[in-house]
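Same chain, two partners: chain A is paired with chain B first, then with chain C.
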Partner chain A sequence: MTRIILSLVLTLVTLGARAELVIEITQGVDNPTAIAVSPFAWQGGGTAPEDIAQVVQGDLARSGQFAPVDRRDMLGRPSTEKEVFYRDWRAISAEYLLIGRVSGTEQMRIEYELFDVNRQAKVFDGTETGPASEARMLAHRVSDKIYEKLTGIPGAFATRLLYVSVTRNPTGKDYYRLTLADSDGARPIVLLESREPILAPSWSPDGSEIAYVSFETTRPAIFRQNLATGQREQLTNFKGLNSSPAWSPDGKTMAMVLSKDGSPDLYLMDLASKRLTRITRHYAIDTEPTWMPDGKSLLFTSDRGGRPQIYRYDLRSGTTERVTYEGAYNARARVAQDGRNVVVVHQSNGRFHIAIYDLVTNRMQVLTSTELDESPSIAPNGSMVLYATKSGDRGILAAVSVDGGVKFRLPAREGDVREPAWSPYMSR
Partner chain B sequence: MKHINVAGKALTLLFTAAFLVACSSSDTKEADDAAAAAAAAAAAAEEADRAARAEAERQARVLQDAVDAVGNVFYFEFDSSNLTADAQRMVDAHIALLSTNDKTVRLEGHTDERGTREYNMALGERRANSVRDYMVANGIASYRIETVSYGEEQPVAYGSGESNWSQNRRVELK
Partner chain C sequence: MSGLALVASPFCFTVQAQDYIDVEAERRAQEQGSVSAPASTTPARDPYSSPQPARSYPATSYGVNSAPAGSSIGQSAPAPVASSAAASGGSNNLGQLVLKVQQLQQEVMRLNGIVEEQAHELRTLKEQSLERYVDLDRRVSSLTTGGAVAVGAAGASAMADDSTPTVSTGAASVKEQPGEADAYRSAYALVRGQQFDEAVTAFRGFLRQYPSGRYAPNAHYWLGELYLVVQPADLESSRQSFTLLLEEYPDNAKVPDALYKLGRVHYMKGNREKAREYLDRVVREYGDSNNAAARLAQDFINENY
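Right after this comes the complex of A and B.
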């Protein structure tokens, strides 16, 4: 096996408007919580480097569970507790009020306080500190805390997304780009640009590394890439398929699909020794492995029963059992951290939708109503599913909450976007 | 090779003629006659050789024309990797040409946009393998054939609907 280690200099190309995602909220919950996010007071010199309150407000709105109050409707702009007059906020029907102060041009410090307008009481306060260059990430951490306080579920705003964008070139080969962005689509960075396909991006469990399939050698090969150093390593170069890299929860093993021995089967690669173990052996297609959070079994897609369905391989016993029966086509499973909710691509009436399958109740619920939906990726807090779909002839990203109640779209300003991969919680 | 056989036979004939002439006579005239006969025979051999080469070229051209007529893209039914009768006839033309040379080929399998990307990657490989297996069964050495699947990543027709999808479910021979 060829093992090429490329020390690739990460070209931190900021894309400008090109592959940047735009967020359009299409559906929220019926009675979203009205929250006012008063502009945070900047206590440094000059102008504030980032509108922290705006980032927080955008996060809360995007969750679909909050209806942020328009700034123009605010009767005051408090930034300290003694400036808070509850009647001003009751007058505009705000249920909660968030205020804050920001300081530090190098090391940034954000202090924030949350008030319950009806109870007229402070319910929560906190501080976030970090490099000012990461101001938006600090703001997302504030959002995470507020979201958790008010919904009981940890937020997943301080996370990142990987996606592939394609610019068509009618006179030659298309341009493929693997892009890393914040969970709100901001700060896109191109990690890899190629004239050959890029697909199946996936995250290491600590969010420090990614793996993907690139055809840059004119054949598919699996690569891993460190996000901090840019160091890149080609892990496979086998005849046939080299696809679907999936990191084990302990980060030591990568599941993948190879067809070097005949038909596509699942293999495990020990990342330290690069030793391969074949775990399925069937003449049918076995592909799209994904790990259960406990690392003891994998879900995968197989058409061994005639049509693609989800199967489960138990690592200890080496046995395989079929998981899904409902519908003619269920594929590319991704499991929530609870080990219970599984999102899949589900075909019904000839259309491909995103569905959620409950491993405990065996219930399948279709979440989307668009067609040609694919590549579901679940947020680390299990609340939202990001997926790829089509709008007209264009590939766009969209998101839906696991209960189907909240929906938003993330089209790129230009080109097609696909293959989203939501990061795990990032180690700080 | 046909033209080499013809040339070989002509050459044998030429030597036989020269030997017979040399045996039957000892005077100069007869020797001159023998040389003339040898030259005539050599010219005939060259002519036969040229004709044979032209015939081989003509046949190669016929095979190439047949390949050009069918093209290098073979289409498949939805979710199927079986060669259709049409596709088989097309591949046959390529097999006929490949049987006369030692070129290598690359078979690129593709699918339409329906279904998941990685499952389609596997389906594209199945299609490429299906063409490869048919070629191997018909005498093309497997080491001359490389297969690669692009799944749904490189459509020819970008829109949705069967008219576009049917153009994308294909194997391209390169």
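Right after this comes the complex of A and C.
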């Protein structure tokens, strides 16, 4: 036990820029929509606590669907409808204009209006309110609304990411940190720090809790942790493997992989009673369970056919059927909320890519061109896939849209980053 | 024993990490796995004591998440058996047995994979052959409609019905009689084989035997088509077949096609006015449902009137 040096951070401790993610857009759509986000007027005392317009602009740019206009090119900085002169915005080829006003030092209020420059008309307006400490989250909600208005797809900016970062220690044990950040990588918070590996972070369906595997007790164990209270509970402590926790869509059950009865098999734990049900029984490795959104079946990885492929277990009938056939290796499935798109780690030509498999057409489409891609996680609106990859010898996070058209990378300033988990829509 | 384990443990790991790269590696892994298997009999081996998941990045996506799965693939199941075997005297025979079981498991998994893939391939092939069949039907149909009609969708709709004869509404209560389907299919096979004279004989025989059978409307339709392509064409018989279909089975799915064909038959017989009546009727009655026959009729009117 002495060799286990563990520092638990049960309360949320904000870390400086140590493991902050920086976003670099590497590929956008061919014809992004030009949108001007005029700096929002601050209607309180002193200086504004957060540049809301900048956050919104960053979100829209990161989606790859929009090309925000540079502030320096703006001929005016309107914050009310009266101040909007369409010709100023036509002159710099902006298709849409977003203006807004921010007030409140305790309880923040953001009012915003969206204009169609070509039609010279207001198309949308709205208000977001919340604690000023959550100013960035409020800004992301504005982005969500604008994104939905202009693309027809709900935005997923007001969501959060979990990831594990590893700081190499050439003279001793590496440092593992489980970090929570906004969807743009900002405001990283270290939830858990350990000298032993942390793996497989995953979200409860309402985004209030997380589960992960930690080796802090010498053997892998599954923990759940409440994000608001920091309360932590060890769920398993079985001999052998305890891995891949996956919350059911109703939040009552957790699927997991245990090898206590021999080879790794899938189990369901009733979270209230902690009762376990073994659902697969095979001498091959069954692992990486993930729930279909309807909660009626699970996808998992198994090498019962000699190589890892995705299988589907139907909870009602208790039958297992193979899902993927294309390629020698398909593993670690994650299902989009539509229950149709499945992202997997797919091997082709000896390289590991992220691919998307359509359960309706049975088509597999490779999304990434980088090598050694792993751990895909899909945004709650089904538009983007976040995954871990390598850049040089460092592990970084990268994202790709489900059509492969938009790509960006989120390299950390320091250390390796991996195992991203995109949160569901957060309940407010 | 523990020394052996120390050496063998990383050894197993490399082997297993390669397990999914290719067949070669797999085979190698099997061979080496059998060599290293005795090592797994040591209960001292603990793949979780070191932060292995960090070690191998890509191949262990399967492992990283499932954590040390990568290091215990193929070993985890038999390990307890092996250790108990070792404990109960370390009998060499038992060790061999364990080894064999492991090999058999691997073999069964490999075979299981092959069975799954072949079953999948079969399913895919079945679907494909059905698609080809429908495609062929369409082309045969366009031939039988006199060749003038460029790959007509009317044919497709007509033929698609033929592959699995569906009888719509009015005749839905008609039960299929024993042997009827086979007789129909063999007659229809002649159409596909372009043996048109034989097909005419076969369909006539079919209608004599099953005059009010489930497939009777289809047979009438095909006779109508066939009389047009046999040498020499028998326009009057064709007209009678199509007319029979219209009168006996006014709700049948092939009615619009038959109407269109009747128009064509009358046109060939030189009766332009009568032909126009039928063509107009198809367009009028089925034109707004985007019916293929109605479209063809409209095209024919545009070209010839």
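For this structure, a couple of remarks:
FYI, the second predicted complex is superposed on the first by the 418 of 428 C-alpha atoms of A that agree within 3 Å, B and C clash if a C-alpha of one lies under 4 Å from a C-alpha of the other, contacts with A are read in each partner's own complex, and residues count from 1 in each chain.
As a convention for this text, a contact is a pair of C-beta atoms (placed from the backbone, for glycine too) under 8 Å apart; a residue touches a chain by one contact, two chains touch by 3 or more.
Given the structure is predicted, the values throughout are model-derived calculations rather than measurements.
Shared-chain residue A:E374: touches chain B and chain C both. Of the two partner chains placed around the shared chain by superposition, chain C is the only one that A:A328 touches, whereas chain B remains out of contact. By the touch criterion defined above, A:Y313 reaches neither chain B nor chain C. In the superposition on chain A, A:F238 contacts neither chain B nor chain C. Of the two partner chains, both chain B and chain C are touched by A:L199. By the document's definition of touching, of the two partners only chain C reaches A:Y283; chain B does not. In the superposition on chain A, no contact is made by A:Y163 with either chain B or chain C. More residues of chain A lie in touch with C than with the remaining chain of the pair chain B and chain C. Applying the stated contact rule after C-alpha superposition, one finds that A:G305 touches chain C and leaves chain B untouched. Common to the chain B and chain C contact sets on chain A are residues 174, 197, 199-200, 215, 218-220, 240-241, 243-244, 257, 259, 264, 285, 287-288, 301, 303, 308, 329, 331-332, 345, 347, 352, 372, 374-375, 390, 418-419. Against chain A, in their complex, chain C makes its touches with residues 19-22, 26, 48-49, 51, 53-54, 57-59, 61-62, 64-69, 72-73, 76-77, 80, 105-106, 109-114, 116-117, 120. For chain A in complex with chain B, the touching residues are 168, 174, 197, 199-200, 215, 218-220, 240-241, 243-244, 257, 259, 264, 285, 287-288, 301, 303, 308, 329, 331-332, 345, 347, 352, 372, 374-375, 390, 393, 418-419.
The touching residues of chain B, counted against chain A in their complex, run 113-119, 121-123, 125-126, 147-151, 153-154, 158-160. Those residues of chain A lying in contact with chain C across their complex are 166, 173-174, 196-197, 199-200, 213, 215, 218-220, 240-241, 243-244, 257, 259, 262-264, 283-285, 287-288, 301, 303-309, 322, 325, 328-329, 331-332, 345, 347, 350, 352, 371-372, 374-375, 390, 395, 418-419.
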